[in-house]
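Heads up, the thing below is written out as structure tokens.
All chains are identified by letter, namely A, B, C and D, in their written order; residue positions are counted from 1 within each chain.
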Amino acid sequence: MKSLYKNLFSSLLKLRMTENEIAKKYSEQEMRCPVHLSIGQEAAAVGVCSNLELQDQVYSTHRCHSHYLAKGGDLRSMISELYGKRSGCCGGRGGSMHLMDPSVGMMLSLPIVASIIPIAVGAALSLKLKKKKNVISVFFGDAAVEEGVFHESANFASLNKLPIVFVCENNKYSCFTKINERQPSEDITRLAKCHNISNLRMNGNNLINVYEKSKMIIQQIKKKPEPFFLQLDTYRHVEHCGPNSDDNLNYRGKSELNNWLKDDPLENFIKFLKGENEYDQKIVNEINDKIMIEINSAFKFAKNDKFPNPASIKKFVYA
Amino acid sequence: MKSLYKNLFSSLLKLRMTENEIAKKYSEQEMRCPVHLSIGQEAAAVGVCSNLELQDQVYSTHRCHSHYLAKGGDLRSMISELYGKRSGCCGGRGGSMHLMDPSVGMMLSLPIVASIIPIAVGAALSLKLKKKKNVISVFFGDAAVEEGVFHESANFASLNKLPIVFVCENNKYSCFTKINERQPSEDITRLAKCHNISNLRMNGNNLINVYEKSKMIIQQIKKKPEPFFLQLDTYRHVEHCGPNSDDNLNYRGKSELNNWLKDDPLENFIKFLKGENEYDQKIVNEINDKIMIEINSAFKFAKNDKFPNPASIKKFVYA
Amino acid sequence: MPKIKRLLSSSEAILEASDQMMKRDNKLILIGEGINDPKGIFGTTSNLFKIYGKDRVIESPISENGITGVSIGLSINGFKVLLIHQRVEFALLSLEQIINNAAKSFYVSNGKHNVPIVIRMVIGRGWGQGPAHSQSLETVFSSTPGLKVIIPSTPYDAKGMLISSIFDPNPVLILEHRWFHFVKGDVPKRIYKTNLKKPNVILKGNDITVVASSYNINEVIFCSKILKNFGISIEIIDLRVLRPLDTEVIFKSVKKTGRLIVFEIGNKIYGVGGEIISMILEKDFNIFKSSPSRIGLPDSPTPSSRALAEKYYPNSSDILKEISKQLNVNVEVQEKIINLLLDKIPENEIDVPNPEFKGPF
Amino acid sequence: MPKIKRLLSSSEAILEASDQMMKRDNKLILIGEGINDPKGIFGTTSNLFKIYGKDRVIESPISENGITGVSIGLSINGFKVLLIHQRVEFALLSLEQIINNAAKSFYVSNGKHNVPIVIRMVIGRGWGQGPAHSQSLETVFSSTPGLKVIIPSTPYDAKGMLISSIFDPNPVLILEHRWFHFVKGDVPKRIYKTNLKKPNVILKGNDITVVASSYNINEVIFCSKILKNFGISIEIIDLRVLRPLDTEVIFKSVKKTGRLIVFEIGNKIYGVGGEIISMILEKDFNIFKSSPSRIGLPDSPTPSSRALAEKYYPNSSDILKEISKQLNVNVEVQEKIINLLLDKIPENEIDVPNPEFKGPF
């Protein structure tokens, strides 16, 4: 197994296994905060973030687990945060929708739809002002482009030729509401074009393709700073918020559902590896075991971690 | 002189003469509110509004004198409003940036950039819900499309196929700042296209053209409700706010300035009439005299009008 | 309140009111993000679009500022609009429309355009929602003339005040505490109005006046029961209307008791309490027998972790402490009170309103 | 304040502070709509882009929400940002960014991301600006923990407090009254800081404490001169800092005088006064000798017409009335005071700050 493939696979599997574990343990009611899982959408995070250097930054939304992990965020701090514990990446103050690990460039996640986008553009402006050859990636969903601030941000980034990739994970839904009830077209790149921003729409569940394309995009930006808009069509396997399936509610059409659930980034990647004759069950097992150990240890750590000191409530209100 | 031409000419001249009179009297410091004159941009208002019926509505911005008059707003109430008097169209409460005369469908003007746009879209939605065959026109400047709410409104109008014409008067400037310092392109129709809204860009200083095109657009909408975006390139002859020229400040290039000042809607229309052999000096003189009388009477009325009763401050806070 | 037994939760009461008003007035339009989805804004809009159609029950793009403007446009053109936000924070994106246009159009137009729009906004609490999903922002809204701002506390008012809001010709903002949705109470079936004018005395008492609102009322009622055992009688006032703020009812009560506690849903500092106390003081400088107190959230954002949330939200023991202080209750009795409280307090996690409720929200 | 004679207007002082800080710290970025235009935000940013370049003095599209987010992004990445709005109302479009992100990032991140952003916002008054260009909105901003909110009153503070704000690691919002721009006073040339912590006693007195801010201070000083003739000595406190609100200075003053008037820039109801009075009362229940008063804008939007504006804005005669009331000044003397006032009042239109100023703007 080529080391690139191994890395991509490890990263992908880690996301999947971590979120599966969260889903499994959520009903214990010890992770007492909303969780928005990325199961089914992981190829976007892994494909893009695998091309980022430490100094490249990532910004995300309520659905930030995958970006946090793909950018190399610390697993223990993440799980502790979900448990509301002291060693959480926000000291238990933020919960699952605010994941960040600035030490690895995972800068900020925000739960208000689109609120992160201008902040990421500001980060890109900081790169330009510092004359750094890095790039910013900001992840958001298909609903975020309905907020005016997306356009204000895109206009600003275009006007100032800022080094930023806007990554729109189009999972077709805002909670239960389908994109065609919210926008006149599912081709979101039209909203990049109008700001003269280069763009690409592609299936986001094919990891190797996402990886290759974003590699080119990011290299290009580093050579010649300019924003890029990448629409990745994908699908969420479980409910909008929470660990379960909610397809008993029938808000997603049967055939759509079946087609997309089949188009699973993990299975796709395994198929790809097999096709390339790069799939090695032994290595896969090793990777699996290693991740399982890491996950178990993170959950154990989080459960044993102390709660934050209540007296700390008044800390960090002002710097 | 054909009656259409006579009407268009009268309307155009009335706008020009009214604003010239405001400019002339402004230094007396009796109109104590900001004024944003449309001198040089009047063909947009006249061209579009001349196609509107009484039940069609107009919404506007801080630069609303022309739309108010072109839609048939009462001149006395307008001038009284500028003088802060009791018979002002807002009873002196709004000043020049809030002109309205709902009795003729001039519904609302608002001074916060782009703030009027979603309200106009709501009005268009009301037409759809009432199944009325009317149309809404909302006027705004080239800066308004930089506000996110423009996009939120355009998306909503497109999605719901609402009968509205977005009229963007592109005078190239937001106060002193040129459009190319604010947007990546001066072709604003790109921002309509991205929301799948039909659109047209044209010179806005040629009244007959604006009239003909908007006639088609409005007829089309009345037949089949759908938004339309009309970009009218034009130019402001005087300063952004106030009665004077500020071109001593050199923020607009000399050749740009000269070219555009030459492209004057009133002169253009006179030239057009002459070319069509429709110019009749006698009729023009009559029109001129009639308007002058109307204007003089309006100013006289406004000056003699009483100030609002100070006790009325607390009136109309709640309905 | 009439003596009937028709138990509904507040969210059921809201749904019923919306349904009845939609039926009654075909110029009433509902709009919001998620209003037509299977969860129907915590059950408050469920299935309405099936009855009244998607033209009148409008599922909206995620564009809060835009749809607020759209609602204002509808409402100056003969419609009434009920706009709904799942969290009050989403309305922050639309404050320009609310503060400049909804609040002022009637005034600026010299009485030509009134804006009959109702905006329901849910205040989050519990289940670790964190700082951007659990604010109440009541003074942000209440400080603007031209708006009405209400915060109902009972299912009865949930229905009655929503109906009154829809009948009202002004822009009315309704703050709905998430936990208030679960509160159950008597709700008549008919269409009825509850006034949007003033607070409501919900328990008569002589020793001290406690003003509270929304979910907090429950904490105060709980305290009143404990204090009864010690011969202390508190008068509880449900604030209900934050703007226009009419303190006459509170004034009368304090005139009797001489003592006042304001228990805030939001922050203590720059909260509603300061305004109430100042208004009362202006009317009668000698009214207070002891220093009036304000209980509210501490001066920090809302932390997510339940360990922090527990100390963040003031509760019945904070109320009892303030009451004891103002009434000069001796230390021994104070201890007894606290012990009784600890006995009675439900074995509940701090971040959920009652045992029926299981996250996520 | 040091005794030097270097007269600058507040807007000149702001320009000087910005210039000096830009020179001192190349990580300081200015951004705003119109900051590079010939009017340079009422002269407060004039020509700075010529010195520091358009990379550091950024002319912005008309996108308030966007550029506020951009500024936050810059500021968590090693920059300091001074963001400027020509009217405070334009900031309403960016309240989500300000209230959720600027105010809370330091807290949520457990101290990792502080947000050193300064937002200057101009409060309009006069020349018929009308309801959407003349609000002050100070409680809208001041009610959020994590923000600092200041409102300078003198050119000295205009410079010193702006410099302190730029040095401050927190988000600081500066409210600048349009008429305060014209006020002239002593301003040292050097870079100096004025604390962002507390109010400032600007005139010692014994009979009553008057708290005011920004342009209103001038009205109060005017009153103090008149009252001197009648042996009445007022202590004037310049409020300056609305959040975090430290009332210690006011408390000490009231401890001495026993009397308090709060003269608001904004609305009386849900204004700053209620908070101040409640805080003082909490510290000492017996502190007031007479009922403290609040003077502020009436509960309505701002009308454009000068005939209405004249009655809308409270002025020196309102202050004199309240003082007379609290001090029980007898009717005869009251009449004399008012007559002296009418004598001295400048022959000025109500809608302009001083005769030098000619509209429009």
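The rule is simple: a residue touches a chain if its C-beta (ideal position, glycine included) is under 8 Å from a C-beta of that chain, and two chains touch if they have at least 3 such contacts.
In this text, all values refer to a predicted model and were calculated from it rather than measured experimentally.
Within the contact network of the assembly, the step distance from chain A to chain C comes to 1.
Ranked by distance of CA centroids from chain D, the top chain is A. Taking the mean of the C-alpha atoms as each chain's centre, chain A and chain B sit 46 Å apart.
With centres set at the average Cα position, the gap from chain B to chain C is 43 Å. Centres computed as Cα averages put chain C at a distance of 32 Å from chain D. If each chain is reduced to the centroid of its CA atoms, chain B and chain D end up 36 Å from each other.
For chain A, the set of residues that touch two or more other chains comprises 90-91, 93-94, 98, 110, 112, 146-149, 152, 155, 159, 182-183, 317.
Touching of two or more other chains is recorded for residues 60-61, 63, 65-66, 89, 93, 96, 100, 107-108, 130-132, 145-146, 244, 299-301, 303 of chain C.
Viewed as a network of touching protein chains, the structure reduces to a complete graph with every chain in contact with every other. By the touch criterion given at the top, residues 89-91, 93-94, 98, 100, 102, 107-108, 110, 112, 115, 117-126, 128-130, 148-149, 152-153, 155-156, 159, 315-319 of chain A touch chain D in their complex.
On the chain C side of its complex with chain A, the touching residues are 33-34, 36-39, 59-66, 89-90, 93, 127-133, 298-301, 303-308, 310-312, 349, 351, 358-361.
The part of chain D that touches chain C in the complex is made up of residues 65, 89, 92-93, 95-96, 99-100, 103-104, 107-108, 130-132, 135, 137, 139-140, 142-143, 145-146, 243-245, 266-267, 269-271, 273-275, 277-279, 281-282, 285, 288, 290-294, 299-301, 303. Residues 29, 55-56, 60-61, 63, 65-79, 96-97, 100-101, 105-114, 116, 145-146, 148, 169-170, 244 of chain D are the ones that touch chain A when the two sit in their complex.
Those residues of chain B that touch chain D in the complex are listed here as 26, 29, 32-35, 84-85, 88, 90-98, 110-114, 143-144, 146-149, 174-177, 181-183, 241-242, 246, 249, 251, 307-308, 310-314, 317.
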